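Note that the chains take the letters A, B, C, D and E in the order they are written out, and that residue 1 is the start of every chain.
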Amino acid sequence: MRSSISTLVRFVVLVCVVLVMVSAVGAADRDKLLTEPGVYGTFAAFRLDADWTKQDQLVRIAQLTILKGVIEQHREKLAIDVYLLRGLSDHADVLFRIHATELRETQQFLLDLQGSLFGKHLTDSTVFSGLTKKANYVPGMPDNLKAELKIPGEPGPNPYVIVIPIRKDADWWSLSQEQRAAMMQEHTEAALPYSKTVKRKLYHATGLDDLDFITYFETSRLEDFQSLILALEKVKEFRHNRRFGHPTLLGTVRSLDEIIEVLAQ
Amino acid sequence: MRSSISTLVRFVVLVCVVLVMVSAVGAADRDKLLTEPGVYGTFAAFRLDADWTKQDQLVRIAQLTILKGVIEQHREKLAIDVYLLRGLSDHADVLFRIHATELRETQQFLLDLQGSLFGKHLTDSTVFSGLTKKANYVPGMPDNLKAELKIPGEPGPNPYVIVIPIRKDADWWSLSQEQRAAMMQEHTEAALPYSKTVKRKLYHATGLDDLDFITYFETSRLEDFQSLILALEKVKEFRHNRRFGHPTLLGTVRSLDEIIEVLAQ
Amino acid sequence: MRSSISTLVRFVVLVCVVLVMVSAVGAADRDKLLTEPGVYGTFAAFRLDADWTKQDQLVRIAQLTILKGVIEQHREKLAIDVYLLRGLSDHADVLFRIHATELRETQQFLLDLQGSLFGKHLTDSTVFSGLTKKANYVPGMPDNLKAELKIPGEPGPNPYVIVIPIRKDADWWSLSQEQRAAMMQEHTEAALPYSKTVKRKLYHATGLDDLDFITYFETSRLEDFQSLILALEKVKEFRHNRRFGHPTLLGTVRSLDEIIEVLAQ
Amino acid sequence: MRSSISTLVRFVVLVCVVLVMVSAVGAADRDKLLTEPGVYGTFAAFRLDADWTKQDQLVRIAQLTILKGVIEQHREKLAIDVYLLRGLSDHADVLFRIHATELRETQQFLLDLQGSLFGKHLTDSTVFSGLTKKANYVPGMPDNLKAELKIPGEPGPNPYVIVIPIRKDADWWSLSQEQRAAMMQEHTEAALPYSKTVKRKLYHATGLDDLDFITYFETSRLEDFQSLILALEKVKEFRHNRRFGHPTLLGTVRSLDEIIEVLAQ
Amino acid sequence: MRSSISTLVRFVVLVCVVLVMVSAVGAADRDKLLTEPGVYGTFAAFRLDADWTKQDQLVRIAQLTILKGVIEQHREKLAIDVYLLRGLSDHADVLFRIHATELRETQQFLLDLQGSLFGKHLTDSTVFSGLTKKANYVPGMPDNLKAELKIPGEPGPNPYVIVIPIRKDADWWSLSQEQRAAMMQEHTEAALPYSKTVKRKLYHATGLDDLDFITYFETSRLEDFQSLILALEKVKEFRHNRRFGHPTLLGTVRSLDEIIEVLAQ
């Protein structure tokens, strides 16, 4: 037993050394990927299989170190965020959000992830992708509304994450551009009071999955988030959502190191 | 065999000693969590896997003792109730209801629960959460109605529990506040005759899951509960339920010790 | 091998002796449970797992003897019927129908059943419950109709069983009592020609599961049953069924001994 | 290894001898069962489990021989046909169509099949049953239409089989008999051009499963079958199909020996 | 270990030699199968089971070599394309598209594939088939539109593949041929701007599965594909899609050798 532990420790050290070297190569321009239009965002949620917890803790630590290595390897081209869904969502245990300029880069990361010793324990995957675009529904939006939207949210940690996929009905798409813009302005105004405490991000998913939009939220005040959704349910545009949720993913924002710590226990 | 049993017994004794110490630290203000607004209620239902019953009874007892320990550890911040669904619901065997002021505390409990030796046997989780609020639909409610609602229900054990998740349709949310209030008053009046024998509690779930409300019932008179639901099905507000149940969870209210006794057999 | 068989045989003999003693204690007033209002009827259908048939026949016989013992133990308070669905329904292999004055008695039986050595092989449970009531929809029903309904069905074995769960739509419940009574009279008249060869029983399920009614049929003439359902599909009340079946359970009425014989092979 | 093979061979020979003897007893009047009204047709589709292909080929051959034996045993009372769905349907690998005058005979065959060494590998069963009736929708059908329908289809093998379950909507059953007959005449006329190359058979399923009809097709010209369905989709009666397919079963008509040969490989 | 590796290597060499011989026999007229009407296209998607990655890499390479052999064997009659879905779709890992003049040839290939040592790891199959036809909806289409459609797409690799199954509603089929043609012309005009960068192919599935059409897309510009689908969602014909996607399959076009390389890792 002793010798196998020391072998593992030596292996972990080795992997860490490699990681430092890989990290040195340089990460993707994370800020650009997270803010610019024309970027693909992929949400990949997984459950850990029953064998995961049956493994020795040292084996799990070694496999989690490999997970860290796989993520580091792809940092040059991708922005990868991790979330802990376990306990708050019954759909999955962990969620990866991957931003890339080309979906094939995201595919390569997920192939490497699922092919790794850690990834062999990932099951029941839920994957959907969308594209970021310039806000384009609200050409006639009043200037004061635009100004308010640009005020950055409150600083500090935003521990909760919510992801809600949406599919519009056929009526929505048969409306004129003006009709949709008018409804979106009402939608935007209803959301405005919550822009400071609830961070939002929109992905256009049409054709890439059985969705039209992926809406992403971060907040440290879940009550505000709930009030936001209630406000959005009351505007006309909401009546054109054929699917809203299914699944609604709820979890907490975590650093990779926190995820590793939780999964190692 | 004998030595492994005595080892287990010693282990159980040890855990119990630790539990007593943990208990001494003090429990959360359970009453506050169960009665005040602004509290998150999470319903986490699980099935026990096929391996559970194949284990030796002493192993099961040791694992159930650990379950007790995990619950005790979180009693300071959470109010945790347990229910036995097995035999009356096909969705799950046990149900935990957790009240917390912050959902991340609930997540930490469920992480500890699922990561425990007992939790490794919990599968097919169904988890949904809602927030308690002050009753706000019925500003114009007559005083005699309000007074009747405040009469406490009959004392004594309420052995049955029913949990029914609800999603309203888009029409409901597009009604004016007054229209919704009028319908809710009709709803409340229909429910009044059953307020003494059927205890109700409401959680607002919008945005936290694919639901709008979680309705919780306790009663020792199932016939009264059934008459209550039939009465509620006949009011206008019921026509705005896009989802009512799916699942309907039916079980019996049990103390943790009773659950442990049932699962140990 | 030989010694293990003789051990089993001795065990089976022992169990049978115990059973005889248990039986002597006295059975529930089965007739009352099966005919009176205010009784809960639970339908619990199960599949047998893949391991069941892989066991040695003697092991299976021993486990089936235990099944018999569990049923005997609860005969004092419950009326328990068994049905063989295998081959005619893809939802389950066996169906138990349990009548009780209190659902917690039914829960205790199903806990004992599922906790037994036989029960460990029962998977994919489907469970739903309803309450028997006095017929109450048809106050103005003509006397000759009432008289015809009281004529007992043809004697003799009724080998087929069909269970159809029903959920009414919201429109149904928003009709006046008179409107519903008028529709139910039309329904009853349509069913009348089949009352002699198709035995029916109704359970009110609202609130106890995602159903409003459970309809139970026994017949030795499946063609008559089919004609009955076709006749019922043509009356107005049928248009208010939001769910009809899903699942429709079809099987054969069997004695416990016949079930045991089939499962032992 | 060698001795186990020779044991198997001897076993297979033995079973074959038994089969010949069983066959000699006489088969059911297959023609009657396949053409007369008042006969129950059951469609039982199965997947083979993962263990099936992992077995030694000789073991598989022995088990397939037993399959043949089970079918022979029931030939006196039943007409049993087999189809290969694997590769063309994702719902199942093999399909059995069983015709019987009593469904309990079919149940006995499926019990024997599933209880056999071969049957232990059959999983994910899909089972539905219907009753053949005299054509009764078209009393006013012109004589020339009737005459054309009686022309037998082209001789020769019909390699493809398609089974489509259908459920009508509530509106359909609330139409008058005349309205339904008129629509069915339009339906029949639309189907007429394909009656020579696409063989059809109808089963009435109402009440026996969550269906109203099971439609069965055999053809060697899939393009004609597709044109037939397109023609049927264009008549008014099609608008009353609440469910059409789900599943659509597509496969090839095979003799039992061909099925055995495919499964043995 | 060493000897088992060298045995494997020798086996792989042997298979390769056989493959070369098989290849020499001659491939199907791939161009004809991919362009002519009256050809059946089958989409067969599979997941790899959990055991796949647990095997030694050399074993996997040997099994992938067999996959190559099976595909080569059928090249004479079939056109077989492979796609990598893993990472971009949660429905499957690999997708085979098979073109054949007779579906029974496709069935034989899939039987051989699933029966091979590689195929034993393929699970959760999704299979649907359609028939290519001459474009027939747009008899009155203006000549300039027809001309534009004939301009070949941009040369170069098209790395992304998207497959979207479609089922039309009953209203669609009850429209007159002229009404459908008018809607299809609007559809075609909306799609025109994307014909250079998004390659499309249509399969008629009515009756062969629970679908009416299978739409297949290849593109190196996913943004253009997304704009194409958005444009199609805005025309009247889109309102007659009862099902659009479910699943939407998204992946990358790969050569068989690339797939083998990815799966071997």
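Operating definition for what follows: a contact is a pair of C-beta atoms (placed from the backbone, for glycine too) under 8 Å apart; a residue touches a chain by one contact, two chains touch by 3 or more.
Because the structure is a prediction, the values reported are computed rather than measured.
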Worksheet item: What chains touch chain C and also chain E?
Response: D
Item to complete: Could you please state the distance in Å, as a whole number, between where the Cα atoms of chain A are centred and where those of chain E are centred?
Response: 30
Worksheet item: Distance-wise, how many Å sit between the C-alpha centres of chain B and chain D, to the nearest whole number?
Response: 48
Practice prompt. Find every residue in chain A that makes contact with two or more other chains and list them.
Written response: none
Worksheet item: Following the ring of touching chains from chain D through chain E, in what sequence do all chains appear?
Response: D, E, A, B, C
Worksheet item: Mind pulling up the chain E residues that touch chain D in the complex?
Response: 38, 40, 42, 44, 49, 103-104, 106-111, 114-115, 120, 123, 125-129, 131, 170-171, 173-174, 204, 206-210
Worksheet entry | List of chain A residues in touch with chain B within their complex | 50, 53-54, 84, 86-90, 159-160, 162, 164, 222-223, 225-226, 228-230, 233-234, 236, 238-239, 241, 244-248, 250-252, 262, 265
